[in-house]
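Same chain, two partners: chain A is paired with chain B first, then with chain C.
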Partner chain A sequence: METFIHLTVAGLTNGMILALAALGFVLIYKATDVINFAQGEFLMVGAYLIYAFIVQFGMPWTVSVVLTLALAVVIGVVVERFVLRPLIGEPIISIIMVTIGLSSLMRAIVSMIWGNQPKAMPPFIPSQPVRLGPAVVTADRLWAIAVAVLMLVLFALFFRYYKEGIAMRAVADDQQAAMSMGISVRRIFAWAWSISAMVAAVAGALVANIVGVGPELAGFGLRVFPVVILGGLDSIPGALLGGIIIGLIESYVGGYVGHGLHQVIAFVVLVLILMVKPYGLFGQERIERV
Partner chain B sequence: MPEPNGQPLLQLNNIEVIYDRVILVLKGLSLEVHKGQIVALLGANGAGKTTTLKAISGLLKPERGEVTDGSILYNGEPIQNQYPEDIVRKGIFQVMEGRRIFEHLTVEENLLVGAYTRRDRHNIRKDMDMVYAYFPRLKERRHQVAGYLSGGEQQMLAIGRALMARPRLMLLDEPSLGLAPLLVMEIFNIIKRINQEQGTTILLVEQNANIALQIADYAYIMENGRVVLDGTPEVLRENPDVREFYLGLTEVGKRKSYREVKHYKRRKRWLT
Partner chain C sequence: MDSGVFFTTYEADMALRRKPLEKLRLGLFIAFVLVFPFVAGTYPTFLMNQIGIATIGALGLNLLVGYTGQISLGQGAFLAVGAYTAGILTAKLGVPWYLTLVIAPLFTALVGAVFGIPSLRLKGLYLAIATLAAQEIIIWVVTHWDSVTGGVHALVVPPPTLFGMPLNRDFRFYWIIWACVGFTALTMANLLRTHYGRAFVAIRDHDIAAEIMGIDLFKYKLLAFGLSSFYVGLAGALLAHWRSIVTWERFTIEVSVLYLAMIIIGGLGSIAGSLYGAAFMTLLPAVLNNLGMAFKDTLPWLEEAIPYIQQASFGLIIILFLILEPRGLNKLWQDIKNYFKLWPFSY
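And then the complex of A and B:
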């Protein structure tokens, strides 16, 4: 029972962080139709930024978080303005290739500044032990779950009730029609990229707090694929549920089966689900009236 | 009917539109729309009607089209080649051909998107009720996903969404497209009512010349990128070419003869 609770909490934490990373991915795909292969690098940059502010500049963690988020927004806007906007109207495959290039570029810049060695991060989120039934878990994991849930709820509300959120969904549905409503598609794209970079930075900060920072954090980008494809590329609840499912499965398989199987189990699940539901669990099916 | 005097609300002077820098679509088109009028723009497929509307609304830009000559004046101010978002803010709203509703949004969210450029947020509720008054069927379905509405309801939603922007000039592109005749009547009656009750000026593009001429105050007929004929519906209806080619009428009881085949030549006269 104790192991089970440990594995569940670990799986939920990982799952929530995966869900956040997936959320950034889904945002960009939903609003701009671009599959962003640099999502993992956005997360990594977020982690390094929080490391820089807390460890290198010695700032309090509150200020650091605010600065990290602000910088993430700036990075998102810059990427949209100078990398993606010149490509509006180009074939989607070129845009995807560009995001792959962007990911190499970001990795290179990060290793230029911070080197390739993983760095330890003094935990800035309180990590005293918490009793959970028979098991004891650290508070930072519970905080990570809480923060992730909060972010996901905020985004669900944003897309449901806020004007710009509804406009973003409209752009995703039909760009030209959205333009005819007076929506500036360029502005919506900038919104999508900056929000996505911000969410990735939050995920990065949470990961950094638990495992420290290093270039391998970019690998989250790859781990996000089973999550988004499982949940549906364009679905926010799908990102959440997909994250939780993958996180839990990886954790249970790692704990009970072992032998490195947890590293591939996500992809096994992915294949199985796609055989049954090709749009993912919550993906938008194309509406066809008959 | 409002008198066409004074400065027109919208004036197109000899505009030329080129797509992709090579394809000349509009070749010196001129027309005027006065405040409070319904003006119909008729013509066959490929005449350039939709391009004309897009030139006005700024939607040419994303399609690599450009107004290369002439001017588009709105209230006397040139607006050609501006971004659509700026033109919507000036009070011109285009309802695109084929309805183009946001399929995955609910009816109500579609209407909210229509009000995107509005600054007076507190009046939006009231205007939504106004739209529901014109289209009671939308009210019944307001929480439904718009993609599952019927074609007629989608057209209603497209017009309702335009109303939410409170435009002064509404550009309607083929509102009758793909709808059953009864529904077409219903939609056109509502267009007329919107024009009279809200004072919205309307520029209407239609293939269905018959119904367009019933509600229009003035009409232009386009062919090959320019206007070939214009006048009030009464005048146009009497024109033998319009009767034959746009209204599908021939002299009743007249025998089909070789001479009628030659009408085809008369149509050619317009093209030169």
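And then the complex of A and C:
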């Protein structure tokens, strides 16, 4: 029972962080039809930024978080303007490759600035042990879950009630119709990228707090794919549920089966989903038979 | 278009190289390949071998991505299947190395066709993600199936010999590699002129239209996956025998990305482009490395930064090519040729 609770909490935390990473991914895909292979790098940059502000500049964590989010927005806008916008209307392979090139560039720049050794992060979120029934878990994991849930709720509200959120949904649905309603598609694209970079930075900060910062954080970028395929590429609730399911599966398989199977189980799930239900749990089905 | 070209026979019209200049350029290239190892030192020959193997792999990938339009992120894994099959057959079962150059590609073709099955229901983006999963799963199997592949440890392959002469030197293996490059390029150029090649292109341009015109999508997509994997497996098998050592680190997702970069920078859907891209992406890190080493006395920080500079320029070049010249080096070369066609009287 104790193992079970441990594994569940660990799985939920990882799942929530995956869900946040997936959320940024889904936002971009929904609004701009771009598959962002650099999502993991955005997360890594967020983690390094918060590390730099807290450890290297010695700022209080509140200021650091605000500055990190601001910088993430800037990075998102710059990337959209100079890398993605010239490629609007290009075939999908070009889009995939340009984000892959971007990920390589971002990893190189981060390594140039901070080196490629993992660094310990002084926890800025309280991490004292908390009793949960028979098991003891650290508080930072619970905080991570709470922050992730908060972010996801905020975004659900943002898309439901806020003007820019509604405009974003309109662009995602039909760019030309949105344009004729007076929505600036360019601005929405910039919004999508900056929000996505911001979400990734939050996820990065949460991960940094739990495991420290290092170049391997970029690996989240590939781990996002099973999540978004399971949940549906263009669904925000799907990102949440997919993240939780994949996180729990990885955690249980790692804890009960072992043999390193947890590294690959998510991709096995991915293949199965693609075979059975390619549009995932909540994805919009675009009927096209070949 | 060229003017003043009049063919009087079907043979001349259907030849792979039709015009005198084309023939001359091909002749010059073949002469270059034949003379190169005698003139150049060990290191350039080593690089040339790398380029040769990369060309075979890039040609295979281009058949799938550039001609059939099926995006694959599983190139690294298929290389691994070829390399490990060849390595295991030779090292553990004692199969002669030249036989594995046939068996390993055939086996890779089979594996590739199996992983091509999802392509029937998935396209574009979803297929890319499915092949990404294939990549991760195959590499996981390779690193965890200790009894067969040696797991995370390197698999040592005995050096190939021919008539009692060891071939594991760059100079000697050069001929094997470049003979295979010639075989690959020639078979592919001819394949693309048959109805199979035209069916592939039709599927790339519009799959539904292709099906209406009577192309069996299932058959031709699987065929494209299989043929592409055959060439990739050949590249993997050559790699195993040339380096005499097979480790999983050479077949990660980064390798898949590298090969995709090769065909995009070289030119999608172009045989010559595959060669240009393979040469470019192989030479780029080598040139950067040598430049860095040359300047390390004046700029001492440079030596440490070389891997990062290589990585950054890799990303930057992909981005710049996609934005500025999405059709790659091949298109640049065409433009240059066209410019000089009427020079100095172009308008």
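Here, the second predicted complex is superposed on the first by the 285 of 290 C-alpha atoms of A that agree within 3 Å, B and C clash if a C-alpha of one lies under 4 Å from a C-alpha of the other, contacts with A are read in each partner's own complex, and residues count from 1 in each chain.
Heads up, the rule we're going with is that contacts are C-beta pairs under 8 Å (C-beta built on N, C-alpha and C of every residue); 3 or more make two chains touch, one makes a residue touch a chain.
Values in this document were obtained by computation on a predicted structure and should not be read as measured data.
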Combined model on chain A where chain B meets chain C, clash or fit
fit
Decide which partner touches more residues of chain A, taking chain B and chain C as the two options.
C
For A:Gln56, using the defined touch cut-off, is the partner it touches chain B, chain C, both, or neither? Pick first, second, both or neither.
neither
Touched partner set for A:Gly182, first chain B, second chain C, both or neither:
first
Contacts of A:Ser111 with chain B and chain C, given as first, second, both or neither
second
For the superposed arrangement, I'd like the angle with vertex at the C-alpha centre of chain A and ends at chain B and chain C, nearest 10 degrees.
90
Minimum C-alpha separation between chain B and chain C after superposing on chain A, in Å
18
Overlap of chain B and chain C contacts on chain A, residues none
Would you mind writing out the residues of chain B in touch with chain A in their complex?
57, 59, 62, 64, 83-85, 87-89, 93-96, 100-105, 109-110, 112-114, 116-117, 145, 147-148, 150-151, 161, 165
Touching residues of chain A toward chain B in the complex: what are they?
89, 163, 166-167, 169-170, 172-185, 284, 287, 289
Quick check on the complex: what are the chain C residues that touch chain A?
65, 71, 118, 120-126, 128-130, 132-134, 136-137, 140, 144, 207-208, 211, 217, 253, 257, 260-261, 264, 268, 305, 307-312, 314-319, 322-323, 326
Residue ranges of chain A touching chain C (in the complex, touch as defined)
35, 83, 86-87, 90, 92-94, 96-98, 100-109, 111-112, 222, 225-226, 229, 233, 259-260, 263-264, 267-268, 270-271, 274-275, 278, 290
